[in-house]
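Sending over a structure as structure tokens; questions will come in a sec.
Naming follows writing order (A, B, C and D), and every chain is counted from residue 1.
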Amino acid sequence: MSKRLRKIGVMTSGGDSPGMNAAIRAVVRACAYYHIDCVGYYRGFQGMINGESVELNARSVRNIINLGGTILQSARSKEFMTEEGRSRAAENLKKDEVDAMILIGGDGTFRGGLALSEEHGIQVMGVPGTIDNDIYGTNYTIGYDTALNTVVEAIDKIRDTASSHNRLFFVEVMGRDAGFIALTSGIGAGAEEILIPEENLGLERLLNSLEHSRRAGKTSSIVVVSEGDKIGKNVFELADYVRENLPYYDARVTVLGHIQRGGRPSCFDRVLASRLSVKAVELLLDGQKNLMVGLINNDIESCSLEKALKGKHTINKDLLRISEILST
Amino acid sequence: MSKRLRKIGVMTSGGDSPGMNAAIRAVVRACAYYHIDCVGYYRGFQGMINGESVELNARSVRNIINLGGTILQSARSKEFMTEEGRSRAAENLKKDEVDAMILIGGDGTFRGGLALSEEHGIQVMGVPGTIDNDIYGTNYTIGYDTALNTVVEAIDKIRDTASSHNRLFFVEVMGRDAGFIALTSGIGAGAEEILIPEENLGLERLLNSLEHSRRAGKTSSIVVVSEGDKIGKNVFELADYVRENLPYYDARVTVLGHIQRGGRPSCFDRVLASRLSVKAVELLLDGQKNLMVGLINNDIESCSLEKALKGKHTINKDLLRISEILST
Amino acid sequence: MSKRLRKIGVMTSGGDSPGMNAAIRAVVRACAYYHIDCVGYYRGFQGMINGESVELNARSVRNIINLGGTILQSARSKEFMTEEGRSRAAENLKKDEVDAMILIGGDGTFRGGLALSEEHGIQVMGVPGTIDNDIYGTNYTIGYDTALNTVVEAIDKIRDTASSHNRLFFVEVMGRDAGFIALTSGIGAGAEEILIPEENLGLERLLNSLEHSRRAGKTSSIVVVSEGDKIGKNVFELADYVRENLPYYDARVTVLGHIQRGGRPSCFDRVLASRLSVKAVELLLDGQKNLMVGLINNDIESCSLEKALKGKHTINKDLLRISEILST
Amino acid sequence: MSKRLRKIGVMTSGGDSPGMNAAIRAVVRACAYYHIDCVGYYRGFQGMINGESVELNARSVRNIINLGGTILQSARSKEFMTEEGRSRAAENLKKDEVDAMILIGGDGTFRGGLALSEEHGIQVMGVPGTIDNDIYGTNYTIGYDTALNTVVEAIDKIRDTASSHNRLFFVEVMGRDAGFIALTSGIGAGAEEILIPEENLGLERLLNSLEHSRRAGKTSSIVVVSEGDKIGKNVFELADYVRENLPYYDARVTVLGHIQRGGRPSCFDRVLASRLSVKAVELLLDGQKNLMVGLINNDIESCSLEKALKGKHTINKDLLRISEILST
């Protein structure tokens, strides 16, 4: 390592997720532990461009481990998509004497970080924070576990009223490109059917399955639908379709929406965020750069940001089989 | 009292609400305490028509006080709207030797009960159970307090992401004809604006208020909208309208939907349900009939079902003033 | 009103309770609305003595309505018990040009405020904030409703394991001098017995009741015990006594402790805190002083601090009867 | 496989844990899926001895996935420790024509199962269910994740009041022989110190650490103590010791107790329970026996019950290092 690290910057970017504050806290505390300065940028890359930063010390992050959202706020910056925007961001980092940046976010965040590194030689380290769990190089992203609990708790409530009224509920959950949330929360919530982008089972099969449930004596049912489901219909159209074809079902729709992004992080997400972020600081101290830290089989590992961006985190298709067995 | 009561029937009807199980439990336990038999009918009036009933004793209702929904299920029965339907219901009650019915539900339920009483001489007693709080003769209906907590908890989560992203969120809550949920949860959630059916403030005022908030330095905002808001637009149109007129706002919509009907009842709702239901049994024992029990100023009172149906429970307009002050 | 109010001080004192932050927020926002300055003192009277204060404006209190604890912290100040301490506090208030103080807390807080008023002519206004609900002049104190929900949620969890193992659990809840929490949460949690300071039922009766439960087929039971129970034994001795006399019971003890003071406030407590605190500001503006605001029958009323301190808020003994009926 | 399986028995035994109902449901639904009969025994081995069983079909387990506790109840059976007890249990299984037993529980449960297998040739399959996570052969036991969330949520509440009052709280959590709960929840709750049975840091170090925290400007602190901590003092003695040596600390104690065993299971525990239990049924169908299923690196694996009993699941000591860094 040619030059000793003196100051690390940290930011959160993209869709916020529960546990981002635990990650910020861990970055700041690890910096304090290793006697490195730490500076936070507001609203992700946009704050770097605007020079909106704040010195962070161990006391700045007290009592935030349990808060949803992110004290550094987040944003998607169009300006950073331009070379000029990135140049201004890099200038601000240099002016602030920041030696390396820890980027907490998802794919878009890492792509931005890589551009910053290639064009301006900034050392970056990625920490995967998104509720969608769609990042290669980690089994879990920060916020995913909390989002699952939020979804399951919401569906538990819907089930109360569904079973009181013998209704069929279509519940749309987040996940435009990936069915992680739908598949796992669907099993956790005891859903009868789970529709995800990765697997188009077809409308026919959905009808058959619901008819089968009905004949098996189920009087109420929950169908979890990923917002990116590829069945060719949105969740309202799906409900209409089922109402037309299975008129004995009183079908209703609930779109869970942004409650999935907020809330107190689960213990799992806090510990995950803490471990990943301490590792990110330690890797920088060790002279590493342009890596993403991840949880692989209960250990904290790292892979190159390029690999993280190229790879695809795929769902465990065995869970589809489990779901089918459990909805017997 | 001409004839001693021997058996009381109980049912839940209309939209289910958290605390209905606590109410059923209290009816059953009070019957056991006073050595009266108790029988439950499934799915409200429909179960009475179909003769779907279950004997209930003190042990039948163990460990249900904390459950959302209703173990007796609920329904809205079209058949009961007909004279023939009601006759069949009355016959079944006579066959089951039921001396009086306790009806847990809202306006529609009480109207049905009154018809049953007038046409067939059935003694009925109403217990107000609905999340909407729109019943005259009680300060609180069973389920309202829990629904408020559910809404506030959901908006807390939305606020996490709203303040992380500087966004404006329109959150639609239940209450087609009454703004109770919107008004009270809006204050509890710290909403900047609250739109309710009882008060059409006009679109102009909403824009002014949001602009004022913006100038006052608020970077994120929550607007709570009752589903029955009379501003002339649904929540999605409202968001579009604001986006057009105040383009600096990144406006989003969340419709909370049926999660508001479910969930573990709050302590308040359990105690309310317990007190109301014990009173309902005791009034029947005392020879009373065709009353609704209610919470008036911390005491359990009763009024005639006719009065409960004719009266109108109005919102406390002082809360609108409080809301305006607090969103300064 | 001889002199226009220019600046109001606010503090939280005594045991903290959920909703105190909502109260602080409402005081500050109401001051901003009426164009009055507002200053907060840390750690109650101790901060007044030490001159530890902070200017508060509408933005200072953003996003705190949902937080437990109090951003102004709380304390019990021994120094304030002395004349000298109070003189120093009064001096600091004068130096800060504070025209009136809003005191959020319980009996001890109000007593201190009254001394300040009598000895130094400070206008004070009391806002009842304590989980114990033992304040005369209000049906509910801020934090009580949240504490009830916390207790009931904890006992729900204990019931899961109690009924899985056929166990008898003694659960100690807060309330040294008053049984409000025990009595109301006991009904909400479906407790078989509730032991409170106001009513010594005797050990004999407890044994009889438990034996009766056993014979009635109950295999698990919850007994809620107020920490101030006067039955002559603490909760551990009680469990020992029952184990000795009813050896078929596998009796366990849980002391809920300080979890009862924390947590996100319920909607009820947030709205209560908001209404009371706005009223406190408005009464000061109206030239009133030395009052306590309270919720009486759903309206915000006020009474003199002397009366609040002399009066006794008594439990609703009808709830004991309800509890007996429900544990049939 | 010489003989086709016709009927599987299932029971829960030892300390109950959240997710056991999800496990029962998955066993029953998997049996239904594969057209095998399923019978449940109440109260673990004791129900087998007493012949207390219930036929379970797919509908018997509806709406239980979200419930804490176990619908089959649990117990620790002394009678089963005797040869005679086990003989009676085996006779009942034969009478019921049960071909194999699925045992949901911990070490004691598996030891009992192995004895049953060795002495009476019963095929058994173990599913690890305990909040303590102290089972070899699985990264996670059913209930551990939920218990962590319960603990963290409780400490969040304690932190509200701790930071409002500048207090030091000692919080005792479960884990007599293993520090899994203390270590992981301690990190999740942001504890300053974590005391576990596996690592005796000594009292001196605790005092040093607390003094260091104080000097670093921390005004409130949480110390998480495992009930099996080997520091030579129980949690109350610890608090006394600290009060004596660091008199500026206002030290308090909370023992979380049995709330850790109950509550709605987290999504993680529901999915884990579901996957493990389906696998247990499938292994039996495949002719396997005397195995325990476990989650190893996100996959469901199995190992012999002997190995599970002999091996020791050790904590990840790197977490102690993380904890030290984060409490900077």
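Criterion: contacts are C-beta pairs under 8 Å (C-beta built on N, C-alpha and C of every residue); 3 or more make two chains touch, one makes a residue touch a chain.
By chain, with names taken from UniProt: A, B, C, D = ATP-dependent 6-phosphofructokinase.
If you're wondering where the values come from, they're calculated on a predicted model, not measured in any experiment.
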- Message: How many angstrom lie between the centres of subunit A and subunit B, each centre taken as the mean Cα position?
- Response: 35
- Indicate the whole-number Å distance between the mean C-alpha point of subunit A and the mean C-alpha point of subunit C. 39
- Note on the structure: Note: subunit C sits from subunit B at a C-alpha centroid distance in Å of 28
- Item | Residue list for subunit D, restricted to those that touch at least two other chains | 156, 159, 163
- Which word fits how the chains touch one another: line, ring, star, complete or other? ring
- Query: What are all the touching pairs of chains?
  - Reply: A-B, A-D, B-C, C-D
- Message: Can you tell me which positions in subunit A touch subunit D when the two form their complex?
- Response: 25-26, 29-30, 32-33, 58-59, 62-63, 65-66, 139, 145, 148-149, 151-153, 156, 159, 163, 184-185, 187-190, 216-218, 264, 266-268, 270-271, 274-275, 278, 297-298, 316, 319, 322, 324-328
- Note on the structure: subunit B residues touching subunit A in their complex are 12, 15-16, 18, 20, 43, 67-70, 73-75, 150, 154, 156-166, 169, 252-259, 261-263
